[in-house]
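Chain naming follows the written order as A, B, C and D, and within any one chain the residues start at number 1.
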Amino acid sequence: MFFASDNSGPVPPQVLDALNRANDGHSMAYGADALTDQVTQQIRTLFEAPEAAVHLVATGTAANALALATLCQPFDTVFCSPIAHIHEDECNAPEFYTGGAKLTLVPGTDRMTPDALRSAIKTQGNRGVHGPRRGPVSITQVTEQGNLYDLDTLRALTTVAQHYGLSVHLDGARFANACVALNCTPAEMTWKVGIDVAVFGGTKNGLMGVEAVIFFDPALAREFELRRKRGAHLFSKHRYLAAQMAAYLQDDLWRRLAETANARSARLLAGLTSRADIRNEAAPT
Amino acid sequence: MFFASDNSGPVPPQVLDALNRANDGHSMAYGADALTDQVTQQIRTLFEAPEAAVHLVATGTAANALALATLCQPFDTVFCSPIAHIHEDECNAPEFYTGGAKLTLVPGTDRMTPDALRSAIKTQGNRGVHGPRRGPVSITQVTEQGNLYDLDTLRALTTVAQHYGLSVHLDGARFANACVALNCTPAEMTWKVGIDVAVFGGTKNGLMGVEAVIFFDPALAREFELRRKRGAHLFSKHRYLAAQMAAYLQDDLWRRLAETANARSARLLAGLTSRADIRNEAAPT
Amino acid sequence: MFFASDNSGPVPPQVLDALNRANDGHSMAYGADALTDQVTQQIRTLFEAPEAAVHLVATGTAANALALATLCQPFDTVFCSPIAHIHEDECNAPEFYTGGAKLTLVPGTDRMTPDALRSAIKTQGNRGVHGPRRGPVSITQVTEQGNLYDLDTLRALTTVAQHYGLSVHLDGARFANACVALNCTPAEMTWKVGIDVAVFGGTKNGLMGVEAVIFFDPALAREFELRRKRGAHLFSKHRYLAAQMAAYLQDDLWRRLAETANARSARLLAGLTSRADIRNEAAPT
Amino acid sequence: MFFASDNSGPVPPQVLDALNRANDGHSMAYGADALTDQVTQQIRTLFEAPEAAVHLVATGTAANALALATLCQPFDTVFCSPIAHIHEDECNAPEFYTGGAKLTLVPGTDRMTPDALRSAIKTQGNRGVHGPRRGPVSITQVTEQGNLYDLDTLRALTTVAQHYGLSVHLDGARFANACVALNCTPAEMTWKVGIDVAVFGGTKNGLMGVEAVIFFDPALAREFELRRKRGAHLFSKHRYLAAQMAAYLQDDLWRRLAETANARSARLLAGLTSRADIRNEAAPT
C-alpha cells in the first residue's frame, strides 16, 4: 500500500463505466433513486446486517465527522489515538460537527491498547460536571501509520468501551485493506467485534470520492440524514455516488483492489532497508 | 427551465469525457493538480477578475454556507428573501457554518426590493448589542421561483448593502440561466454590480456536482480553504471536480446548456394555461 | 409594570439581607451547598412538582438559551412570536446554545394564536430533510409587549405542540407578574397547562440576577447541568444565587413584588391617553 | 493559599457594603451605569493602559472562553498546558465559545517552557490546511497546581508566540496571588511582558463572582461585547458586578486579600511534610 498515491492514482475503469451507465435517463434526486436503494441493500448483505442504516458521503472527513456527531454530544469527549486522522488531519471537523466536543488522546502509539483506553476513560470520569462527559471511542483500521488491529484487540477495545456505556466508531478509510490483510469478513471486523458505526471507505481504495457510513443500530439513521443535509453533504445527484459504490461492490472489486494494493505494498516493503524509508507505507501481514 | 428535472436528468457527454481524460496517470491530491489550476485561471478570465479567489465544492449548499460563513460572524444576521434556498432548503446549514448567525427575512416575495432591504437593515440596527449585528446580504439569481433580478436592481440592492458596510453574496445555483436570460456577461452580473462573492453553479445546469465559489477580493481565500476543509468539503481527488468544471467552461458549454434549458422552459410556459400548472417552472424573459 | 425600569431599580432589602446571611462561614461550591438544596425543594413545592429538575442561572438569556438547547437539536427549528425576546433581544444566543437551530416566527402579534402556531408547524413539516425538523415551541408570558396569555390559550397552544410531538418552553422573565395578573398558581400556569420547561424569572422582578429553570420531567437534568457548565453559567459560589432566590421565595416575596409592580403599572396606564405613550408598559388586568 | 476553600469562604464585608451602596436609586442597565464607567477607568489606571477595553463577567470560565473566542477562529488551535483549567475544568466551554477550535496540549507540566511551546507550535504548522491553523497561546498564572511563572519566563513565552504571530491570553483566576508573590505590578505581569488579553480574577480572591477581561488593544472590544451578549453573560443589572469590582479595587483590597491568602498558604506549606499532603495548595515564594 503506497499511501502517498492513495489519492493521486486513477480510478479503475469499472467506476467510470458505472458512471456512464448511471447517466442513462432520469432518476429521483437526493438519494431516492433505485441505484441508491440497490447499494444500500448490497452493503447490508455484505455486512450481514439487514437492519443497518447505510448512508453515502463523498469524503472520509465527512463520514467520520458526521458519524461522531451522531454518537456524541457537544459536552462529550471522543477517545482516539494521538495521531488519529480525526485529530491531526481534519482541521477541527470533528469539533465542528459535534458542536465543540473534545478529543481525548489516549497515550501511546497509533494503536490504542485496551489498558491505555481504559485508563484514559477512567481519568476522564473524575471531574464530574467540570470535565467533558465521556463520549464515543474512535478506532482507525488500518491506522494512520499502516498498522492493523487484530480482531481480538478490536474486541478488547470495544469491551472496554461497552463497560463504560460508550459507543464505538471505526474510521475505515482503508477498511478494505484491513479486511484483506486480516482475511476476515466486513461483519467480523465490525459489529461482530462490537463496532457500532463503521466507515466503509472507497476513496483511498480506488473511487473518486465515496464512503459509506454504516449504523448497525438503525435508530440513528434519521438524525444522520438531517446532519448530513445540514453539513451540506447530501448530493442532489446522489446516483453518481451510488454508481461508484455499486461498481466497488460488484464482483468484490473493493476486495480485489485492496489485494493488489496490499501486495504492492508488501513488495515495496521487502525492498526497503531502513525505518526512515518506510514512512508512509503499511505492512499488513 | 423545468426545475423538477434539474437534478434528475443525465449529464452531458462532455462531462463524462472530461472525467475519463482526468483519469489518465497520477496527479497531486487536494486541489494541487494542474487541472484545478487551469480551471481557476479560466474562471478568473471568464469573470474578468484576475485576482479572484476561486474554490470548487460539490454541493450548492456547501457553496452558500461556506461563502456566508466567510462573510459573517456568528453574532451577525444575514439578510435574504423569505423563500431563499438558504432559509428554506438547507436544513440550517447557514446557521451551522456561520456558528449560529441568524437569517433575517426581508418581507416581500422571492425578489427583494431595495426599499424592503433598506428597511430591514435599518430595523435590525436598532437594538444595539441586544440584537445581532448586521451581516451580509444574500441574493438568489435566478430566484427560487424562477424570477430574475435585472442588472439595475442588483446594483440598487448592493448599493443599499454598501451604504451600511455590508457585503453581498450571490446564490447562483442557476447562474448560467440568469446570464443567458439577461444576455449579460458573468462579470456584469457580479462584481460590476457590486457582488462580493458569487456562487457559479454547475450542478443544476448539467454537472454531477460542482459549484465554484468566487471571491472577487481574494483576501478571504485562505480562510475559505480552512473552512472548506473543516466542513469536510475538500476533496482529496479534487481533479474530478476540476474536470467537470473544465468541461463546463470548454467552448461555453455552461452557456449552451442554459440556452437549451431556458428555451425549453419558455416553450413549456407557452403551453401552460393556469398558475397552478406552472408551479416549479420559471420564465426568464 | 414600568418596563423601562425593570432592570434599573434597587433590589428589595430582603435580598441584600439574604446575601449577608449566606456569607456566614464556609459552604460547598458549585451548587452543592445547603441553600441550593433548600431552594430546589421550595421551588418544587411551589410548583407542586416534587420530581422537577430545578437549576439556577444568572441571566434570563442564559435561562432561555440553555432550556431551548436542552429541548432542541441543531437541525431543528423553534417556533416563537415575531417579537420574542429570544429572537430580538438575545444576540443569537438561542442559535449559539442550540448549535445553530433556527427560529421560525409564527406570523401575528406578540401573542401567538393556536391557529397560527398550527399553521406554522404544518408548513415547516413540508420540506423533509431539506428544511429543519420541527423543534420546541417557545411562549413568553407576560409577552414582550406586556400582554398576557390566559390559561385556556396556553393550554390550546401546548395542545397544538403536543399533537406534533413538540415540547413547550415558557419564557417567564415576568412569570410573577403573570401569575398575579391571572390570579393563578405557578403550577396552573405551567405543567397543568402542558408546559415542559419554565423559566421562573427573578431579575426583572427585584433580584440582582437569578432565574430558575424548571424541567417538569427531570430526565433532562444532567444534560442541562453539563450544558450550563459548558456555557460558563455554573457559578462556583452558587450559594449567592441561591440566597437571592431564597429571599424571593420567603413569604411569597416574588408575589408581593409583582403585585406592587402590576398595581403601579395599572395606575400609570390609567393616566395615559394615547397608544404611543404606553410603549414599554404592560396592563395585566 | 488554601485552594480547596477558594470558592467556599465568605466574601469580605467591603463587597457586601458596596452592593448595599449600589442599591441606592436607579441606574442604567446593561453596563451603561456610572459605576461600570468608574471601574473601567480604575482598571485602566491600575494596569497603566488608558486605552484598554475592560469588560466584566461573572465566572472565570466565561472570562476565559470569551477571551479565547475573540482571539481565535474555529479552525484554529489554542496552545496550553496539559492541565490547563480551560482544558480540564471547563466542560468544553472554550471549544463551545470558539465554535470548535482545538486545544493543543504543550507537553510538560503545569508550567509550559518556551522550548516546549516553540516545539508544539512548530509541529502544529506542518499540516497545511489539514491540521488546524495556529491560534492563541493561553497561560495560567498562578497555575492550576499553584506554581508561578516568573516575569522572564512570561516574556520568553510571549516572545515565542509573537515570533509566530500568535496572540497571548492570560488566565488570571489567581492574578492577585501572582502579583503579590512576584511583587510586581499588574502592568508588569501583563502587557509589559507581551500579554494581549488578561483575565483579572476576583472570584477566587474574595468576590461573589466577578472577573475583568482586559484587552490591551481595544480593537476587539465591540466583538467581545457581542460575544458576551450572545453567550448570555451580559448582566442587565450590571452595576452589581461593577460594585463588587469597585470594592475589590478600593484601597487595593485585591492585593491585601491576596497577601493574606498567600501568607496563610505559606504557613500551611511550612507545616506539611509530604508532597501528597500539599495537593490543592500553592506555594508562591
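To be clear about the criterion, a residue touches a chain if its C-beta (ideal position, glycine included) is under 8 Å from a C-beta of that chain, and two chains touch if they have at least 3 such contacts.
For clarity, every value in this text was computed on a predicted model and none was experimentally measured.
Q: Enter the minimum step count from subunit B to subunit D; a value of 1 means the two chains touch.
A: Graph distance in the chain contact network comes out at 1.
Q: Fit subunit C onto subunit D over the CA trace and report the rotation angle, somewhere between 0 and 180 degrees, nearest 5.
A: About 180 degrees, rounded to the nearest 5.
Q: Please tell me the distance, in whole Å, between the geometric centres of subunit A and subunit B computed from their C-alpha atoms.
A: 32
Q: With chain centres taken as the means of their Cα atoms, state the distance from subunit A to subunit C in Å.
A: 44
Q: Compute the distance, rounded to whole Å, between the mean C-alpha positions of subunit B and subunit C.
A: Their C-alpha centroids are separated by 41 Å.
Q: Would you pick out the residues of subunit C that each touch at least 2 other chains?
A: Only 30, 74-75, 90-92, 96, 99-100, 129-130, 226, 229-230, 234 qualify.
Q: Which residues of subunit D touch subunit C once you look at their complex with the stated criterion?
A: Contacts found on subunit D: 5-11, 16, 19-20, 23-30, 57-62, 65-66, 90-93, 96-97, 203-204, 208-209, 226, 229-237, 240.
Q: Inside the complex, what are the residues of subunit A that reach subunit D?
A: Residues of subunit A touching subunit D: 74-77, 88-92, 95-96, 98-103, 105, 127, 129-132.
Q: Within their complex, state which residues of subunit B touch subunit D.
A: My answer: residues 30, 73-75, 99-100, 129-130, 133, 223, 225-227, 229-230, 234.
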